[in-house]
Amino acid sequence: MLQFILRRLFQGVLVVFGVSATVFVVTRLAGDPVSLMLPLSATEAQRIAFAQQIGLDQPIAAQFMRFLGDIVTLDFGNSLWQRRPAIDVVFERLPNTMLLIAAGLGSAVILSIPLGAIAALRPGGLVDRLTMSIGLLGLAMPQFWIGLIAILIFAVQLKWLPTSGMGTVAHIVLPALTLSLTPLARFTMMVRAAMIDELNKQYVKTARAKGLGLPRILRVHTLRNILVPFLSISGWELISTLSGYTVVVETVFAWPGLGLTAVQAIQRGDLFLMQAIVFVIAILIVIIGIVLDILSKAVDPRIELN
Amino acid sequence: MNSFLLQINNLEVNFDTRAGTVQALRGVSLSIAPGETLAIVGESGSGKSVTAQAIMGLIDVPGRISGGDILWEGQPLTAAKVGARHILGKEVTMVFQNPMTSLNPLMTVGAQISEVIELHLGFSRQAARKRAVELLSLVGISGPERRLNQYPHELSGGMRQRVMIAMGIACEPKLLIADEPTTALDVTIQAQILELLAELRETIGLAIILITHDLGIVAGLCDRVAVMYAGQIVETGSVYDIFESPSHPYTQGLIRSTPQLDVKDERLVSISGTPPGLLDPPSGCAFLPRCPAGDGGCDKPQSLKAFGAGAVACCKAGIDAWKEAV
Amino acid sequence: MTTKLLAQAVGLATIFACTTVAPAWAQSITIAIGSEPSTLDPQLRDDGGERQVNDNIYETLMARTPTGELVPGLAAAVPTQVDATTWQFKLREGVKFHNGEPFNADAVVASVTRVIDPANNSEQMAYYGTIKGAEKVDDLTVNLVTNGPDPILPSRLYWMKMIAPGYSKDGDLAGAPVGTGPYKFESWNRGTDLTLVANSDYWRGEPEIDGVTYRFVTEPGTRLSGLLSGEFDVITNLLPEFTESVPKFAAVRSLETSVFVLGTDNEVTKDPKVRQALNLAIDRQSMVESLFMGYASVAKGSHINPAAVGFNEKLEPYPYDIEKAKALIKEAGAEGKPLVVVGESGRWLKDREQIEAVAGYWAETGLQVTTDIQEFSQYLESLMGDGPRPDSIFIANSNELLDADREMSFIYHKDGAAASNSDAEMAAMIEAARTETDAAKRKSIYDQIQQKGHELSYTVPLFNLQDIYGLSERMEWQPRVDAKMIVSEMKVAE
Amino acid sequence: MATSSTHVPSAAAASGLRGAIAELWQDKAAAVGLVIILLLILMAVFAPLIAPYDPAAQAITARLKPPVWMARGTWDHLLGTDNLGRDVLSRIIWGARATLTIGAVTCLLAATLGTLVGLWAGFAGGRTDTLLMRIVDIQVSFPGIFLILLVVAMLGPGIWTLVAVLSMTNWMVYARLIRGIVSSTRQTPYVEAAELIGCKPGRVIFRHILPNLVSPLLTLAILEFTNIVLAEAAVSFLGFGVQPPATSWGLDVASGRDYLFIAWWLVTFPGLTIVATVLSINLFANWLRVTADPEERERRFARAEAAKRRRRTRGANA
């Protein structure tokens, strides 16, 4: 176990190194960070000073080493926009994103399992077709679009929920709902398909031959068996949400998380903040991966951790 | 009438496929008395497994029971599935062909055995575990306490089949259906499992339906044999009669194609051709195209009629059909 | 499932709680602004979000009336000029900072010294570059010294917020500001909202509205939804189209003028005929009516803000005359020649719409027009970078100091960051005006410059834009021409 | 069990295109999906002929006209006009071009790269395989949209930046699929035999392995296509993708959202087009997947039969 965690951590280091290399190439070789980050009114002297400050006058290899060193110490420099360490901004906004993801993905997980299971009980039946249709629709709707329509209906027309921002529990409902729809559809369809697969397995026949009722078979036998694929797909979804959907949803609902911050950082040419965000998310993805593997092992004793 | 544990009357099972309706069982009738051991013998596809699944209520889409009934101690089993629950799994149980896939891979052996005890006998978890330990040693597994906490993938195939049997006899059933219980196992293990079944039959007074394509294992274990062909029973009789004087040309062929150690210089026959497709089965004798004794007269529906001590579905019952072929 | 239901139940309960509590807080309003302050330090950044909040916490020596007239603020009277480079300010008596520190000459000196200290690298130095320092004369008298003659020093001091000298040393200026203004800082949940409460000891008397919460909402659509759903009382940058949808709105001429800067040394646009044709080809009035629904006015012949000192009110805009424009293009032999229109999107009111509409008009003259809408940082590089000047580039130029010098130096002076001409003569005139302390002479130089820029079509002035604010039913407010959102000037009808 | 052994193909399971169409017709949703996909492709190809207007042509005087069926709507603009007086229908038609091009090119690039890496890893095996798959793992952990934003910030937005970045963030799934199939196919007896008798690797790949890849690759590419469409829409919506005056559905939703309350059609129609596109592709891909899998195909048939029977009994009881 310990060995496994160490090995995965080493892999994580590789990932972070890969991300570093990519970010380095993108920011240093493909563009000019100085003109991006300094206000255009900056004088030539300021530009040179700034280039020196971030080490642009050194050879590329030395720059990269320094870049890596900064990452190890989580020193991403000061956010140009907020004038304080970029990492502070990231840690300040990260919990908001986590909260949104927890609410959105959490409700998707909780709802998808019963929905998918019920649909799987009678494939082709009314519930199944209804679930599938809603699922396909959910997969097809872009989240920014759902968000706009949700605001229009629930906030503006019905005035049930606030349109944007963070604060009360009510504030989280619409963004979480918007965020949850695609994963909910994906999870439900996955649970359904896996459940149908599982219900056709021989051990289910054994269970039925034992006289177990379907509800008990679902609960005790198949649910646990689909948990491993479910864990991996929900982990995947968590990662894609963390590294994608949140940007859109946070922008639409002015939710002060990392996604919105990233968009604002880009608009303000705040490369340091953007780098910090990319790294922290990459590190989170690595951690999520490790946790998922350990969880899978806990669920399925056949899995060898290596 | 109630002297039979299980009675199947005129059972029909159809499968809906894109190519059409496959008639997997075409009016199967059989019965089994308490303590009796019945073998159902036939080629794969003859409907023997479907019969077992029909009894256990395991026919799923695309299959469906389209006719006939199954009576357990005189009461219909198929009619009310919910009401059948304390019969299925308690009084009638089943052991499947492939022990590798028949156990839930993510539950411990102990949990899978206890489950059925808790469900049907209302035991507490502790009591059920205790009983599971007894069962495991009863089916000849050493170190049962340790095994309880193991997962199926940690056990060998023979061991798993023993676990399946332990589960099958957990509630002291009246009937155990064993669907090719030894097919997936090594020969040495096969013998052990059959021995175990024979032992259990004595100790518990269990009735057994043994489904197999292997006539070899029938002789030692069973009282009675039913031979299936193309979704129908073509011959039933005591194990002695079937082996000594098979009446249906198919049964004769089956026996003549099995090497027997005690008969010297015996020439084996092989039944040429394949069984008919059940999409559109012939209205007459299904064996006709392969039957060496068949003639124009066989082209009418055949039904199981008493013949000798048993019953045969053949208008030429009793003639030695393979004489020419040898 | 249960969790979700629970969450919704709690959510609904919270909304319910909010609505029932509302009457007790009736005098508190919520304002949605487009961007969050990056800091609350009033002297470091040139940051709209920071200003919108701090304009209520801090005050300045000079102030403006809602219509733009420069009047004394914390100064007791209009400053007097001691000599060409020294201005003397008398200060208001009895003003106190929120933390109890007195406002006096020391505070002014501390404020000026801090903002011009090169170590602080303040972005606001664009406004204060001429200031050399401040000297205390007595407790309520201060002299401000400039590097050279600076006729617009009083205007500059309308921008400089006065900080408490003690607090600026040991307090948290960036996170918890302390000023002399009508509102005191209460709390700031970064990313979400910021709350101010009324200063009951305010020297002009306690403001009417008890508290104000700022919400940071980048998307105009989201701001509008919030207003429509009743969450916000005031939203900024309302689109003209929505004036009919919102409960109330208020429009006022803004500081911004939209303009295309033409590259006078570029292949096609170096010909004054072409440039004039570009000016003639646009139906500005029709754009005002359709694009802005009337909430803008056609810029009068130059890109200088009409409220600014030095604006030449005698110029008339080029009329819409597409035939003449076509003829001029033909005359210049520029038919079919390429013209690149550079712009950005989403920064200013209807920027993209203006750019694309104008590009459409220009295409009709016979030029081969391509539109290049750039990402903002790229656009800034095009506008102010060292690279080649674009044929034409769009900007909505804002004049915070309301003095013509700003737009002149920025766009007309050949060395200005956004200038695309190489007219040395005009540059000399701009420099002369900058130090001319005689108001009339100065005005006449500016008139000449604008006249010249107009005749040679260095720019294509488009519109004086208007700021439109969306208001909730209960709000009563007439916005100011200087775009400051002074909460103490707002009222809530009950 | 019984079915598989007794199943005999009959005339009912017709072969060829006609049979496929007949079978598709059974699944109405998938059939509609295919029709919509074909329509979209036609729209994209013949946009200049079909679109009533130039998508960038502005008419300041005809701004924000509602669709034809509404009070102020006109037949000139079936789906209304946007904030610059551009024809919404024409923009949607031209938008199909941008969206489908980006989707197709990205899929092609990503699939090619992924297939090559997958083939290489699957064939080389050993250390090369481990190394390549580790690279894939690393790439998968890259924070997608954030990286796109970073690249766009540095390089400036545009269709080709977007295609490049999306390809670079989407090839891994192909590599994994291909590598999995290759290494399992390699262990099948016929490939082992081919290798044993000295077939050159190239020949083994082309004759024995590639045919096994086509169907799963196609299915994956189709599903990935929808992801690209959605990603493109999202990035364009954020303002970092397709830039005006070019059109894209995501961009149209973005520019329409400021007018959500007075011109719902600006957000609704491009949004619906995205939904219809993705939905159609998913429906069709789903059908295709089931049809390619004989077991699933049987099950689908049996379910439909069971459902029919249930309806019949219900009808009889009522």
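Here the chain labels run A, B, C and D in written order, and each chain numbers its own residues starting at 1.
The rule we apply is simple: a residue touches a chain if its C-beta (ideal position, glycine included) is under 8 Å from a C-beta of that chain, and two chains touch if they have at least 3 such contacts.
All of these numbers come straight from a predicted model, not from anything done at the bench.
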Middle chain, criterion being Cα centroid separation: A
Chain pair showing more contacts of the two, A-B and A-D: A-D
Chain centre separation in whole Å, for chain B relative to chain A (CA means): 53
Inter-centroid spacing, chain C versus chain B (mean Cα positions, whole Å): 89
Gap in Å, rounded to a whole number, between the CA centres of chain D and chain A: 22
Separation of mean Cα positions, chain C and chain A [Å, integer]: 38
Numbers and ranges of chain A residues touching at least 2 other chains: 36, 123, 148, 151-152, 156, 251, 263, 269
Where chain D touches two or more other chains, by residue: 152-153, 240, 257, 260-261, 299, 303, 306
Shared-contact residues (touching 2 or more other chains) in chain C: 219, 221, 225, 228, 377
All touching chain pairs, where touch follows the definition stated at the start: A-B, A-C, A-D, B-D, C-D
Complex interface listing, chain A residues touching chain B: 123, 200-203, 205-213, 216, 220-221, 224-225, 299-302
Residue ranges of chain C touching chain A (in the complex, touch as defined): 1, 3-4, 7-8, 10-12, 14-15, 18, 35, 38-39, 44-45, 123, 126, 174, 189-193, 215-219, 221-222, 225-226, 228-231, 376-377, 380-381, 383-385, 417
Complex contacts: residues of chain C adjacent to chain D: 219-221, 224-225, 228, 239, 241-242, 244-245, 286-287, 290-291, 345-346, 352-353, 356-357, 360, 371, 373-375, 377-378
In the complex, chain D residues that touch chain B: 1-3, 5-10, 12-13, 297-299, 301-303, 305-306
Complex contact set, residues of chain B against chain D: 13, 15-20, 22, 24, 44-45, 47, 49-50, 61-64, 277-279
